[in-house]
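Below is the structure I would like to discuss, written out as structure tokens.
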Amino acid sequence: MKAWGIFLLLLCLQAITYAVIGESQTCPAENVGKCDDSDWEGEFFPGINKIKYEGPSSKNPLSFKWYNAEEEILGKKMKDWFRFSVAFWHTFRGTGADPFGAPTKYWPWEDGTNSLKMAKRRMRANFEFINKLGVDWWCFHDRDIAPDGETLEEANANLDEVVALAKELQMQSKKKVLWGTAQLFMHPRYMHGAATRYAIRPVHDFLILIGFMSHKINWFYSSELGVYAYAAAQVKKALEVTHYLEGENYVFWGGREGYQSLLNTDMERELNHLARFFEAAVAYKKKIGFNGTLLIEPKPQEPTKHQYDWDAATTANFLRKYGLIGEFKLNIECNHATLSGHSCHHELETARINGLLGNIDANTGDPQVGWDTDQFLVDIQEATMIMLSVIRNGGIAPGGFNFDAKLRRESTDVEDLFIAHIIGMDTMARGLRNAATLIEDGTLAELVRKRYQSFDTEIGAQIEAGKADFDFLEKKAKEWGEPKVASAKQELAEMILQSAL
Amino acid sequence: MKAWGIFLLLLCLQAITYAVIGESQTCPAENVGKCDDSDWEGEFFPGINKIKYEGPSSKNPLSFKWYNAEEEILGKKMKDWFRFSVAFWHTFRGTGADPFGAPTKYWPWEDGTNSLKMAKRRMRANFEFINKLGVDWWCFHDRDIAPDGETLEEANANLDEVVALAKELQMQSKKKVLWGTAQLFMHPRYMHGAATRYAIRPVHDFLILIGFMSHKINWFYSSELGVYAYAAAQVKKALEVTHYLEGENYVFWGGREGYQSLLNTDMERELNHLARFFEAAVAYKKKIGFNGTLLIEPKPQEPTKHQYDWDAATTANFLRKYGLIGEFKLNIECNHATLSGHSCHHELETARINGLLGNIDANTGDPQVGWDTDQFLVDIQEATMIMLSVIRNGGIAPGGFNFDAKLRRESTDVEDLFIAHIIGMDTMARGLRNAATLIEDGTLAELVRKRYQSFDTEIGAQIEAGKADFDFLEKKAKEWGEPKVASAKQELAEMILQSAL
Amino acid sequence: MKAWGIFLLLLCLQAITYAVIGESQTCPAENVGKCDDSDWEGEFFPGINKIKYEGPSSKNPLSFKWYNAEEEILGKKMKDWFRFSVAFWHTFRGTGADPFGAPTKYWPWEDGTNSLKMAKRRMRANFEFINKLGVDWWCFHDRDIAPDGETLEEANANLDEVVALAKELQMQSKKKVLWGTAQLFMHPRYMHGAATRYAIRPVHDFLILIGFMSHKINWFYSSELGVYAYAAAQVKKALEVTHYLEGENYVFWGGREGYQSLLNTDMERELNHLARFFEAAVAYKKKIGFNGTLLIEPKPQEPTKHQYDWDAATTANFLRKYGLIGEFKLNIECNHATLSGHSCHHELETARINGLLGNIDANTGDPQVGWDTDQFLVDIQEATMIMLSVIRNGGIAPGGFNFDAKLRRESTDVEDLFIAHIIGMDTMARGLRNAATLIEDGTLAELVRKRYQSFDTEIGAQIEAGKADFDFLEKKAKEWGEPKVASAKQELAEMILQSAL
Amino acid sequence: MKAWGIFLLLLCLQAITYAVIGESQTCPAENVGKCDDSDWEGEFFPGINKIKYEGPSSKNPLSFKWYNAEEEILGKKMKDWFRFSVAFWHTFRGTGADPFGAPTKYWPWEDGTNSLKMAKRRMRANFEFINKLGVDWWCFHDRDIAPDGETLEEANANLDEVVALAKELQMQSKKKVLWGTAQLFMHPRYMHGAATRYAIRPVHDFLILIGFMSHKINWFYSSELGVYAYAAAQVKKALEVTHYLEGENYVFWGGREGYQSLLNTDMERELNHLARFFEAAVAYKKKIGFNGTLLIEPKPQEPTKHQYDWDAATTANFLRKYGLIGEFKLNIECNHATLSGHSCHHELETARINGLLGNIDANTGDPQVGWDTDQFLVDIQEATMIMLSVIRNGGIAPGGFNFDAKLRRESTDVEDLFIAHIIGMDTMARGLRNAATLIEDGTLAELVRKRYQSFDTEIGAQIEAGKADFDFLEKKAKEWGEPKVASAKQELAEMILQSAL
């Protein structure tokens, strides 16, 4: 009875976002016999061959028109500019569920369970997918690649088993983890955040309320440090696993590290806790010899009303305040950028200027929609701006471009998984080509340089060196009289940009 | 094997938004023996008595401080101004799940299933709840009060069984349905909308793609009218059931009647289909002698990027275009109002002016958040504005105030269900009291009247009657010379408003 | 003394948005002698020749790379698809002022006054500009092309004098007015709106306030119909002038027809007044034999908090409610579309579906900014979507594409006026070329058609004809069982779109 | 001729935002003789006496109902909690102009000029106003209290003359400056920003454009450091003047320190310049012995698309990055807070937690509007939240509450100036009273404290001290098992809050 209860528990937990629906898909007819076999080596995508570059005139949806992995642009291969990565959770655990709807995806390799066997088969599908797509990297959340457990020990054991397979598949295919992370937001234990607030256990399941003003309050009598500790244990394991899988980065996304209402929140104390948590993570990373970059992924809100890592500047302030500035970089996600009121290009530049540009979650939102849609980016102009930043940054390694993007709920064919990634890669490739054209042409850079050229004069240099005080400047202002100002030529800059598209 | 698959199907479908978690709650220890008993008559809320009015000085959270059901305000009892209703789906099927998290609610009466037995016990809990809260109405979605079925017939049979119990409980308690509706957005069959777009069945589970430009496309060979028909059948049944339960209204919320992208959408054809669907609903309503009001609930977006019933004015345009203007009214939801860029007051006034104010979904959103948070409204000033509209409308009957509002995900005590409804009712009650003060005082109305008083002159009346042409007006303009304009006194109006709060 | 006062009045009124600054520019050195001469026939743009099409490889900013006026696309010349128009107010009266800053433009033909002489010279500059740009149409506001007067009579006389010159210049150059309008928002007399609310004159300049609750209010004793009449007289004249200049359309933009606060507003009465005003305009149009289209330009807000013509659907509802639906079309502005929460494409489609697509104000906003920036549209993808709608509409005539767009405040070179219009025209031209490619290819249309193909079956046709009632549909639903739904292929649609860019 | 040109220049510059209209107001009949007299000592507000506290039942709009200056709340006089200040620019230079409209205010003391005489009379009006309102502080922009000059020297001389009068009036009335600032955004010289970008002078008024890709660009040959120097000189003077007027703070609002487009901007270099400018300001402040606080006022955008001082966290990051963190505090404006996507309360808390809460610009925006409306705050609940932060901060001194708020454009009676400030002060006073009630009651604080009480245990303290590493925490997590989490009681917190309103 108990085992069955646990089974149900796991199944239903999964169902929330990943579930597959009903018997018809527990094992499709053509796969009979394979569904019970976690060693099933595919083919999971039988009609699809390795995606090739066919050039812009190709009409084949399953080909690249612009992304040509080995082609050199500005002295570097395209694949090395991008270091594209597939996000395991969206591509293999995304179900199409939304707050108003049940899952819509029926992938033929799924058997309707979240068993270890299923987790392994799914991992094989992942490797077939990235092989066929021609991508060298993948990213994962711990709880998405392996089933959770009744205990931490059981969860860790599950994780180990799947990770062992992943390691093996990596070696066969020469693929690596771009980054790993611990998923600290789905389980109800994390509803108040993982690293910021302690959970409190009520006395009774049903509280007896007393007057809330005149009487002493005794809603709670005891409390738990358990959530903080549990989160730490989970991150510890995820760091180890990422290290084992040769991950080059590790990401923190604090989805629930924030508040729903300031009325019941002590923001200062929560931020202190978050800093302590990060400090411990840094120490542990060093202890185990993990040399990958630690990344924080800013997001303004959703699921919380306000997330502490609102945007790049907010996160930079946090890192500086707590003396963590040298230990972390940022993972900039384009959809998070626009949700925080900035363009993606702005967030990339802000990160870059603060020395914090570490990785890009390549996706986009809908400009008329106020939540995270995680769409594949298809806007060539935006891609061009992104690549201008990346080139200015000297590339993005050891980070990369992770497709933290999902199929629309209504896109339900297996081939849609390929189509979406191909258009995402082609769009970025067009962006790179355009950016290279702009840089080689040089006109746009020259237009910008001219706007600041007076800083290259003697007095300009004096100011930039911090040697021009107000007395001196006032003297100059009087001497020079009314300054003349020139056109900013924004429309011309836009014309130059468009000429490269 | 198949039965088990179906069971899983149903269970997991449920799990997405309603699931309870694991064995520990399949039947709490204190309820052993009762969990198997759908006739379990409670008490589901053992420590809580009927909520009483104790006045503003009360410190008891489980009392009303402002809502006094029988008290007369402006010649009408408070309960008759509001006709408060509890929304079954949020209060009894809300789980706290969000796009990033699993359910968080562990109600003691739940056994972890979505069985018929469970549905009936839940219905008893609903009646105990509204009885204790002192509310006379409730609202429902068909698929939330009863389990779905493998077939339409089975689903209808399930519904009938639960509805029979509800009818019985209604008779015992003198409660009634404020409105019913069919839930046409959760099941994957409705992913493209229910009444607007036909579903299309692919030839193979896995499509062979061919060049998308030069070759003939044959992705699809067949198609189904099934979704449209299925939705019609479901609405038909929900209308019948609402009628049977003496519902005074029936609501259409077209959550997925909209689009995710105009690129793959024929908006005109979809709007035509929606109109046909509404026409058929009107005809059926008349056929069965249902005299309740049909209501459309505008919402701008979410889950779709654009929903066809964007706001009150958009919906009014739709109704006028298709000759349906006399057959429907609107159900204005405050959170939907703000998501569409308007204040709640604006949407109420727009509905009222168009003769369409039918019901209010009393909730609110977070002004800094871009999605539907469905919070209980606690803003006294907004409540006052809402009540000014309702009083101007002569009340809201046969509609009412339905609490289409949910506990925050992190509010997990059973008592929170009461607290939330109480603060929601008290806030509206304060709004009514304040609005009455303003109206009895008369100053604000006088300020407004004065701004338009020149229309009460002869020439003003001529203009209002459409009898002043441009020649006449030009003559007057020349005669009168430069007009003088007076202060709009907005700050004074705000001062007057605040004096009543 | 008085004349001087008036002079100051006019000068300062102008200064607010149009003014040029100080003596240094009253007449630039190179123009000495010409500044006093309203017959000065230019050259106003001496270094700039007629803009020519040079093709995509041209590096000349003062050439078209994509817009080739005489080239045929889908059977129509490019110039006939677009019917481009220059907006006199932005191009010749825009000063670069914003709420935080003084004017920044110093056009060499300006003499620092708003005299009749200056107005005429400016009109000559306008014609030189559209000639050199190769545009056949222009649009105007009455108060921008000619100085206001102390009286209506004087204002009209000023207008007549400038219009006579414009007529002459039109005949010489074969140019025409695309649309005219009356500017009813700048003058303080219109601060409460022009056609919606009567102005009220205070008793004293300084009011004696009495208790606002207990005492009778007598803030106002008299009132004026003057504003409504004045607005009518101004529109009457603008209609006549537009007619005289062979205008093909006339636009109403109700910038102040809306409210700042519902607290002091009677929205219903205001909407009634607006309808009466429009009725009178329709009657007058017919009386004078003006056959041009009357257009309403929706905008959600700014300067008011809520404008009555919020968006296309809201305006359509207004027109239907008041029986004006056959008499007006809409002028869709892209920046207004995005401010109202929609894409430009959505607004165009909504207008088209309602039979109301009359004209396009071709501009764009900043997606991260909450006010009207009126930028030149440079987004190729958006331009492509716009042209898909226009082609579907069979073109836009007798409307056109009016560049209701302005230089950035910081773009201060005369050449920037050309550059901005050129990039605006080239972007639309790329949009047209891309849209034609998509249409000729046919894949995208086919993808959409397939999604609705079941409506071409017998039962589908029955539904579309309104002949399928709920009984019939329920029967079918039971007969057919669970419907299968196909992928919406949004990513594929995006891939097809991008392949044409 | 030249003098007249200058006069016009000044007049029109003023006109843009301040102008009064036409002769009728150059000197109203009742003031004849006084208009030429800068020593005119009023009464400027003849019918209005000193505003008194009359309590909540008063119906007199010109009385306080809640603000009772001398009353003690939580051990401090109300006037000392608030240190209310009137903003000279809005109250005395605001004209009601907006981007679509001319000025609407006709104050009787204005003579239609921006002469020194007028500036002095206006200053007398300011002191009469704050005396009658019972406010002890005022704030100013340099260019608003005195006319600009043809040269810096002339502008400074004008400023000195007005400031001398202000000093005299301050001594008579015991009033002081809360903060001063230099207005660096109105003049066209500042169109690209004051401290961030050098201006560049074009070779010719009309540039000859050459191919922008293949040819060398030579649009510009020379450049100016003038703008940076001019801004420095203006800030230098404003600091001196603020010091002379016993100002307790000095504010920097970088309205144009930001960008319109990243395409033509070098954000990094601009931020460096801004830092150099602030360093020089700090040095100069110390040099002259000014002990007031330097404040930066964050604003996300408007007039620029992106302002570098986006919000509190962004500004804190800037200060930390450039080592300026000890030298500045923040001036939090509520309307800027909401424009940046935060609640006012959030920005206050963020500033407080970073040790940066220096001053509050007490205003509010319209939640449905995307630009700065600078309304007087009338929301009691928001005021309560604000005061909770202020009390937690131990008060706001040496800062205060500055009414950076303006009358609606349509509020044109002199009395409206009083009404608006009164309702603004009363609202804050209600906020203070409510906050005190909540604090004295203690329930809300207790609810919050309980949520974090496990940090007061031994292990909690260990974590807070940074002494709990991942190994230790993992051990605990395994030991403790699945943590239990309690309800966040948000609705109860809202109920408690509302009970105090």
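We call the chains A, B, C and D, going by the order they appear; numbering starts again at 1 in every chain.
Keep this in mind: contacts are C-beta pairs under 8 Å (C-beta built on N, C-alpha and C of every residue); 3 or more make two chains touch, one makes a residue touch a chain.
Please read all numbers here as calculations on a predicted model, not as lab measurements.
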item	value
Intersection of contact partners for chain A and chain D	B, C
Chain whose mean Cα position lies farthest from chain B	D
Rounded Å distance, chain B centre to chain C centre (Cα mean)	37
Averaged-CA centre spacing for the pair chain D and chain B, given as whole angstrom	41
Per-residue multi-chain contacts in chain B, two or more chains	59, 61, 188, 191-192, 202, 212-213, 260-261, 306, 341-343, 368, 408, 410, 412-413, 485-490, 492, 494-495, 497, 499
Chain A residues touching chain D - in the complex, by the definition given at the top	151-153, 188-189, 191-192, 197-202, 212-213, 217, 219-220, 223-230, 232-233, 235-237, 260-269, 271-273, 276, 279-281, 283-284, 300, 306, 310-311, 313-314, 316-318, 320-321, 340-343, 345-346, 349-350, 353-354, 385, 441, 443-444, 446-455, 457, 459-460, 463-464, 466, 468-471, 473-474, 476-478, 480-490, 492-497, 499
Residue numbers on chain C that touch chain D, as the complex places them	1-2, 4-6, 8-9, 11-13, 15-17, 19, 21-24, 26, 28, 46-47, 58-62, 96-104, 106, 108, 112, 185-188, 190-192, 202, 205-209, 211-215, 255-256, 260-261, 301-303, 305-306, 339, 366, 368-371, 408-410, 412-415
Residues of chain B that touch chain D when the two form their complex	56, 59, 61, 65, 338, 341-343, 367-368, 376, 378-381, 407-408, 410-413, 416, 419-420, 422-423, 426-427, 485-492, 494-495, 497-499, 501
